[in-house]
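Two complexes, one shared chain (subunit A), two partners (subunit B, subunit C).
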Partner chain A sequence: MKVIVLNAQLPFVRGGAEVLADSLMEQLIEQGHQAELVRIPFKWYPAETILKHLLACRLLKLNAAEPDLVIALKFPVYAMPFPNKKIWLLHQFRQVYDLWGTPYQDVPDTPEGQRIRDIIVHADNIHLREARALYTISKNVADRLKKYNDITVDGVLYPPLPHSEIFQTGEQGNYFFYPSRLTRSKRQSIAIEAMRFVKSNFKLVLAGKPDNDAYGAELQALIARYGLQNRVKMLGWISDQEKADWMTKAYGVLFLPFDEDYGYVTLEAFHAHKPLIVFKDSGATDEMVTHGVNGLILDPTPEALAEGMETLWANKKRTLSMGEAAYATLDERNIRWSYVLEHLLS
Partner chain B sequence: MIVDSLEEQLRKRGFEVETVRIPLSSRWFELLEQTVALRCLDLTESSGQRIDRLITIRYPAYAIPHPNKINWFIHHHRTAYDLYGTEYHDMPNSPEALKIRQMIIHSDTLYLKEAKKTYTISEVLVERLRKFNHIEADGVVYQPLPDASPFHEGASGNYFLYTARLTPVKRQTIAIEAMRYTRSDFKLMLVGPPDAEWYGNDLRALAEKHGVAHKVQFVGWVDEHTKAELTANAFAALYVSYQEDGYGYSSLEAFHSSKAVLTLSDSGGTNELIEHGFNGLILEPTARALADGMEALWADKKRTIEMGKNGLQTLKTRHINWDYVIERLTE
Partner chain C sequence: MKIAWLTPFSRKSAIGQYSAIILRELTRHVEVTVFAPDLEDTQDAWWPDCDLRFIPSLKRETILAELATFDICVYNLGNYLPFHRDIYELSAQKPGIVILHDLVMHHMFAHYYLNYDGLHVTRYTHAMTYSHGQPGAALAAEIVAGAQFWDTSLMLEYNMAKWATHGSYGVIVHSAFAKHTIEQFSNAPIAHLRFPTTPLLGESGNSTTPMLDDEKRIHLITFGNIIVNKQVIKVIEAIGDSSYLRSHVKYHVVGSISPDYETHLNIALKEYHLTHEVELLGYQPDEVLHGLLAAADIVINLRDPHFGESSWSLLEAMSLGKPTIVWKHGFYDEFPDETVAKVYSQQELQATLERLCQSAENRQQIGQAAVAYARQMFNTERYCRAFLDFVQKVRYNQPVLALTDTVSAILLEMDADSSVSMLLDPVLQELSALLDTPVNDLSADSQPHQQSAVPRYTPIATPLPTLSLQNRLAETRYYYRRFPKDIAPYLSPISRQTRIVKSTKAGGLYNIMRQLLWQLRLDQTMERVLGVRLILTLRFFLSYPNVSDLYVFSTRTAPGQARRS
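Here is the complex of A and B:
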């Protein structure tokens, strides 16, 4: 089958969407399909630029390459017309939906800004419904479509981890591991502060590059202020293989973002047979975790996190079996490429 | 191919590069809305970071606005230009199509002129820009080989080399037929895979039919290293394609290997690169004329070697190297 994978392009920027598009391409090619990645540039400021890019997508054609199927991943590229178009939605343009009225809104709250918001919502209502099938990467994203656009999706296809084979099960070490970019919305600060309330002899290991130097320095200062230098280790950026090694020997894994649509850390922990601690407001990650079964869902406070880690630490055997349950979740939620491709290609 | 090479060469010199490839339909009635689409794209910044330069390559990428835009123009949408009204164009002779054609020419002119500079990849294109768009290009920036490093000078062997895909437009047929008229003891070597297997077989059958099979060697596809060795040790090279825009990478490979190149007067781009009697020969497009040309070179080995050296010199005088390209496109 000739398949075009369609993604937005933010020149010089690489993030989760690019990783997902590349993995999907890899899987399609491995299965013997002819796959081509098409990316259309996107810029969202000033706000009227969004509409121009949306119009551009609507005017462009994908018929020259005569694909059998187009799989679109993001706003605004899913507006490109094609008869056999399926959408595997990473997320909508959140600034005009759930982020409207938050500091992340970006689009100004003026009559002009509101008009732009209404046009985007209206266009989404049309373009998303055009697709032969509409899947999302999480229930969180599906719920938003229901809430804001009154669209019922054809299902949730959780993106599997690229190169999951490097994440292996291993011994229970004496640290909780939190690998993620160091950025305010990932709330590494709460993890550090939790260590103030921990009585037992386990450690916290943070891995990841700071988004900006200021936040990295802020976290270092926090560690120093509470005298936690011997309890908290900051590894900085590490390779995927190093991350896998740390994951393998972790006691448990933390992932504490604020309202995220999906997180690969969850899958990495599950592949390594480790229970995952998340917060109630972490977004899609709490879809994956069942409290007390394959991890813990806690209030987003240092005290609650400290208590949760202590609870796991006090019962090693139970933690081990939660790790096994975590691994089983991958199968229960059909987080495997064969399942994803079966739906996207059917 | 030109885009991949350019990206690699820019990166090599420390530039941060990102290639944007917009899919395009070439159906004439969809051309205008695509131009509008490109006009809507904003590539002045990405996620808050300024984009310092936009280099456009193909129609209609130059419609994208940018304060610091440079065009490296490789061709018009030819069915609306020089091919309009010929057998190769797909636009009907209707008032609507005519209007679209005029709008394409008009918008091309407008958007090409926005750029700080417009370079083309050949003199033919400078001429076409002048004729159709009344634009005076800033010069020709020839397209170098993606990687010239394997090519070098070798011995002067006993074969004429023709490197090209085996396909009708490359006219291996004329080269094979020419071997009917040659008397001397040299061979023709055809390097390159057939586009379709049956065509390769047809060419072999042609060599059989003319009784020259013993003088024509089909090498097929070879890797770059082998190709470089075969070029290095050829007597001279041929490039006898029919009316191409470009001069063909294999002409450059020959010059990088100090080999004279024989081409035909209707071959297109090679005529711009080859100066008759200086770095090769430009011949009448017949098998007999080609045979005579090959015999003439074979009879004067010393002069042929001299012409090959001039070919290498041509690469220098025409600035066919990536340093020059990058300098022009980034200054």
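Here is the complex of A and C:
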């Protein structure tokens, strides 16, 4: 089968969407399909630029080499017309949906901005419905589609973790591990502040590159202010293999974003047989974590987090069994490529 | 919200006075910066204390850069070139809302293209074609050949308002007549706002101004710029032909008059022996004018033909409670019959004058109805509220219009004119699908998933219809193609350069020939004969590879004044 995987592109930036697209490509090729990754540049500022990109996508045609199937992942590339188009939606242009009215809105709340928002919503109402099938990467994304566009998806296909084999089970070390980009929405600051309230002798290890130097410096200052230099370690950017090694020896894993669509950290922890601590407002993570079974779902405060970590630390045996339950979750949620491809290619 | 307000602002400008009235109220709600083309300091400004920029002392790039920092630019356009040239040019480069104070803009554009900065016949013809199609081009040719239509009703028909508002994101007018006319062609939102309150509203009509010393007579007054269509001549004739009026009225004509027209009026006054009954007072300062106005018994505010204007002077007269005589058409016919005296013929004018002069009661009735109507309908606060609502609407539609314009420019760069339907059709289709349908207007039947859309947001304004966008797409390309220099923001530099060269090559010879013939003032036969010879001669010179510039001289042009073409 000739399959085009369609993704938006911000040149020189690589994140979860790029990893997902590459993984999907690998799997398709491995299964003997002829697959091509098509990436369309997308710039969303100033806001009127969005409309130009949207119109451009709409005018582009994908049928030059007569592909059998197009799998689109993101706004605005899913607007590109093709008869046999399936959408595996990472997320919509959230700035005009759930992020409208929040500090992450980006599109200005002016009459011009409101018109741009209305046009995007209107376009989504048309373009998303054009797809032969519409899947999302999480229930969270599907719920938003229902809420804002009244679209019921054909299913949720959780993206499997690429190169999951490097995440292995290992000894229970003396630290909780939080690997993620250092950015305000991931709330590493709460993790650091939680360590103020921790009485036991475990540590916190943060890994990830700061989105901007200011936030990195802010976290360092926080550590210094509370005298936590010996209890909180910041690794900065590390390779995937290093991350897997730290994960293997962790006691437990933290993932504390605000309203995340999915998050590979969850899968990495589960592959390493580690329980995961998330917050109640972390978004799609609660689709994976069941409180007290394969991890903890806590109030988003330093005190609640400290107490949660102490609870796990106090009962090593129970924590170990929670890690096993975490690994079993992968199968329970059909987080495997065979399941994903079966739906996308059918 | 930050608004840039471009307006003539010196005390010679009525539009400046209107602006000052609006802005004193508007600045209570939003930030406004005034850009004045007719001022170099605050001395003569209608409102010296406002945030003011002086266009003559700023570079064009500096102004454009600053205009880009505002939420919306508002361009006040009238038909007087010295006041409105800069404003028009800026409105073409940085689109915004045009407040069109005169529907007939033809005089200004003819002056602009044919007299002001050399002879630009091609540009004038393009502008006329854009505004009025092939008949417009034909009329342009006649005017270029010397026809004088300036005071005729042809000006109302070929008003060039479309040209004045091209590329704008919204148009404001002050009469239903103007709105109706502009609706026929505009592809942007339009609003008809009723004038704000004049400062004269409710002032006492009693005055003991010494200039009206003949207390026994009924005092008539016409004021403003005294031009032909104000029909002072008809009033003179009406007085001259009526023995009653001759012996009972004194007619004051206040306002600047061109020397030619003044001579013409003086001849008429002598013919009718009315040199004592009629006074041509020329321009008078406001305090004198207001004194005369307050003391007058009847105001005569005729326009025939009318040029689609909304008359501020009529509003002033009504605000003072003066019975006012108007010609029954256009803006003037939009007032209730009891608030003004409407006439539609010379006989009617004379009869109405006689009736009003004979009945103080009748004058009082109309005057009272006028001031009550002015009080009810013309209100600055209401004007500003309606203005701000309209700004919201315009801003809501602005991204759509800007996108359409960008697409126009791209199509033009690709040389896709209306004949290339294979490109235009899908673009139009997608644009319409993207932009036209309101969020809550989706039909469930047309959706493959058979689900109805749930609009989360209610549009804050009405989106423009498809037809408007289609027209805009076509017309903007027409405009960009012929005026590439005006549309710097949308075309790439390379394309801009190419277009300029192309247009010079295509229209250059014709233009050069017309310039020569214009200067020679030849009759049509000679024009044709000489024109062919000139084209052949010029083509010969231009085809020579090393000729980059050609200087053209005519026998009536001193060598030092030769224009580069």
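Basically, the second predicted complex is superposed on the first by the 346 of 346 C-alpha atoms of A that agree within 3 Å, B and C clash if a C-alpha of one lies under 4 Å from a C-alpha of the other, contacts with A are read in each partner's own complex, and residues count from 1 in each chain.
Just so we're on the same page, a contact is a pair of C-beta atoms (placed from the backbone, for glycine too) under 8 Å apart; a residue touches a chain by one contact, two chains touch by 3 or more.
Computed from a prediction, not measured in an experiment: that's the story for all the values here.
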item	value
Partner chain in contact with A:29 - subunit B first, subunit C second, else both or neither	neither
Which of subunit B and subunit C A:221 touches, first, second, both or neither	neither
Partner chain in contact with A:116 - subunit B first, subunit C second, else both or neither	second
Touching partner for A:125 - first (subunit B), second (subunit C), both, neither	second
First, second, both or neither for A:55, with subunit B first and subunit C second	both
Subunit B versus subunit C as contact partner of A:152, first or second or both or neither	second
Partner chain in contact with A:13 - subunit B first, subunit C second, else both or neither	first
Residues of subunit A at both interfaces, subunit B in one complex, subunit C in the other	52, 55, 58-59
Interfacial residue positions of subunit C with respect to subunit A in the complex	71, 391-400, 402-403, 406-407, 426-427, 430-431, 433-435, 437-439, 442, 447-449, 451-457, 459-461
Subunit B - residues contacting subunit A, complex	16, 18, 20-27, 30, 33-34, 36-38, 40-43, 45-47, 49, 51
Residue ranges of subunit A touching subunit B (in the complex, touch as defined)	4, 9-13, 38-41, 43, 49, 52-53, 55-65
Subunit C-touching residues of subunit A, taken from the complex the two chains share	47-48, 51-52, 54-55, 58-59, 97, 110-112, 114-119, 121-123, 125-126, 129-130, 148-152
